[in-house]
Structure formats: C-alpha cells, structure tokens
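Read the structure below first, then the notes.
Labels run A, B, C and D following the written order; every chain starts at residue 1.
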Amino acid sequence: MNDKDRYLARLKRIEGQVRGIHRMVDEEQYCIDILTQVSAVNSALRNVALGLLDDHMRHCVRDAAQSGGEAADAKFQEVTDAIARFARS
Amino acid sequence: MNDKDRYLARLKRIEGQVRGIHRMVDEEQYCIDILTQVSAVNSALRNVALGLLDDHMRHCVRDAAQSGGEAADAKFQEVTDAIARFARS
Amino acid sequence: MNDKDRYLARLKRIEGQVRGIHRMVDEEQYCIDILTQVSAVNSALRNVALGLLDDHMRHCVRDAAQSGGEAADAKFQEVTDAIARFARS
Amino acid sequence: MNDKDRYLARLKRIEGQVRGIHRMVDEEQYCIDILTQVSAVNSALRNVALGLLDDHMRHCVRDAAQSGGEAADAKFQEVTDAIARFARS
C-alpha cells in the first residue's frame, strides 16, 4: 500500500466518522459522546494535514529550493501561509 | 429549520467536504489546495463542536446544577474533560 | 498549597519560560529549539486556561444556574464565548 | 528595527502579559477576563512561532535543500516534527 492509498483509506475512514456523527446527532445521542467523536475526527484530520505538509516539503519545496530564485521564495511563502491557516483552523 | 436540522445540514456539508478532499488526493491535486480544504473542514467541525457544547451547557449542565449535589459535580467534571479533549485535538 | 498558589506558581514558571525564549532569540540559538520551547509554553498556558475554566464552571456558572433566570443565561453565554475565543487562539 | 529586535520586543510584551495574568489571578479578578488574557497570549505566541518557522524555512531548510543529500532529509524531518509538536501544543 503506497502513501496515496494510505491517505485515501484514512480519508474514507474520516468520511465514515463524520457520517457517524451525523447519525449520533440525528438519534439525539448524548452530547459529550458526540463531542468525543468530533475531537477524534479533528485529530485524524490534523494527522492527514501534517502528513501532506511533510510530503509537500520533501518534494515541491525541496525542488523549488534547489532550482532557487524567486520561484523558491514563492514556494516558501505559500507553505508558511498554509501552515498559518492550518494553525488557526 | 430548528437547531437539530441545522447541525444535520452542517454535518452533511462537512461529509461532502471530506469526500472532496478524498477526490483531490485521488486526482493528485496541488498539496497546498488540499491543505486549505483540510483547514476549512477543521474550522467547520470546531464550530459544530462549540455549538454542541453551548447547547449541552444550557441544558444538561444547567439542569444538573439546579438539582445540585454529586450529579452536578459529575456533569461539570464531564464537560471540562470534554473541553480538554477538544482543545488538545 | 491551595489552588490559587498553584496557579501563581505555574504562571511564574511560564513567565520564566517566556524570558528563556527571549534569551534564546537574543543569543540566536537554533530555531527548532526555540520553537520547541514556544510549544511547551503554549501547552502550559492551555493547561492553566483549562483549570481556570473548570473552576469558573464549578463556582460562578453553577451558582448562576442555581439562581436561574436571565443571569444564568448570561453566564452560559459568557462561558461559551470564552471557550470559543480560547479554541481559536 | 530588524527582525531580531522585533521578536525581542514581542517577547518582552508577552512576558509582560504573562505577568499581568499572574497579577489578575493574585487579585482574584474575574475568571472570564483572565481567560481572555490567556487567549491573547496564546495568539501572540503562535504568531511568534509562525514567524520563526518562516525564517527557519527560508534560511536553514533552504540552504540544506540546496546542498541536498541526507542533511536535507534530516532538516525536512526536523521541521515537520517541530510543526507537529506545535500543532498539538
């Protein structure tokens, strides 16, 4: 199973977890249990994001850094903007 | 549209967003665009969680506080544990 | 050592950690080591915030819930607003 | 005022804010007001961290990427580990 398949599998699982939260709300299950599930989805999504970020830096950012110049500056700006958006989300 | 329907509609939308991220990964779209979507889902989920927490406090916690005693202590413990889990997720 | 003294001791320690980060930046220490210290302060502050929130709910919110009426509504609104601000910080 | 002086000034201000929180706890000020200050310090620290991370990537990571090889791999690993620690803090 390669990296891409692993991400796809994790996202399928997250989609199922969100569907599970929908069902819990629909069945009016206990609030605290629903919140626990929301926290679990948040953690799972954050781990996906950290993995994607790692891949992005090892490939795109690295290639840009090696070619140098303004393209590299733009890539570094882009990735720190993405980290800032993520850290505030 | 009552509160429950509003939560269900938001969760349906979040489920669709997660499916969209799955498709973006599958089509190998640009990493930064995928990260932006993950941040959007995180924000949407956090808002659902804050809404659920608010409802929970106005109803369950309030009722427990009014009846008093050990049941109230347990409710307060439970809600602060849920907030701690959420804040660390 | 009561709760208040414990908070004061933790805040003194956090103040010292921030001063340590200032010194690290001044001495141009390695970026990653500085970031590790910033993450440690963030965690410590979050734990102080969660503790204060817990105390607040067990005392102020509980008293307000028991007296009931509009004052209780206002307290619940206030605490969920504070949690929302904290979760986004 | 260069970047380093700017960081030092921001950290001095954060140190003052933490001292302010200590005073608020000591004077038993209202919990919600204390929490608001803690959220402000968290935001200020996060912005310092994002700035340091940005500098680190534009200098250390970039240089390592240009020299290439295992040193570059190690730098990328180090920075994504730091982001993960920060995102969980």
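In this section, a contact is a pair of C-beta atoms (placed from the backbone, for glycine too) under 8 Å apart; a residue touches a chain by one contact, two chains touch by 3 or more.
Listed by chain with UniProt protein names: A, B, C, D = Metal-sensitive transcriptional regulator.
Note that the structure is predicted; figures quoted are calculated from it, not measured.
Distance between Cα centroids is largest for the pairing of subunit A with C.
Taking the mean of the C-alpha atoms as each chain's centre, subunit A and subunit B sit 16 Å apart.
Centroids of subunit B and subunit C (each the mean of its C-alpha atoms) stand 21 Å apart. Mean C-alpha positions place subunit B and subunit D at a centre distance of 27 Å. Among the residues of subunit B, those touching two or more other chains are numbered 46, 53, 79, 86, 88. Applying the touch definition to all chain combinations yields A-B, A-D, B-C, C-D. Those residues of subunit A that touch subunit D in the complex are listed here as 46, 50, 53-54, 57-58, 61-62, 65-66, 68, 72-73, 76, 79-80, 83-84, 86-88. The residues of subunit D lying in touch with subunit C in their complex are 4, 7-8, 11-12, 14-15, 18-19, 21-22, 25-26, 28, 31-32, 34-36, 38-43, 45-46, 48-49, 52-53, 55-56, 60, 78-79, 82, 85-86, 88-89.
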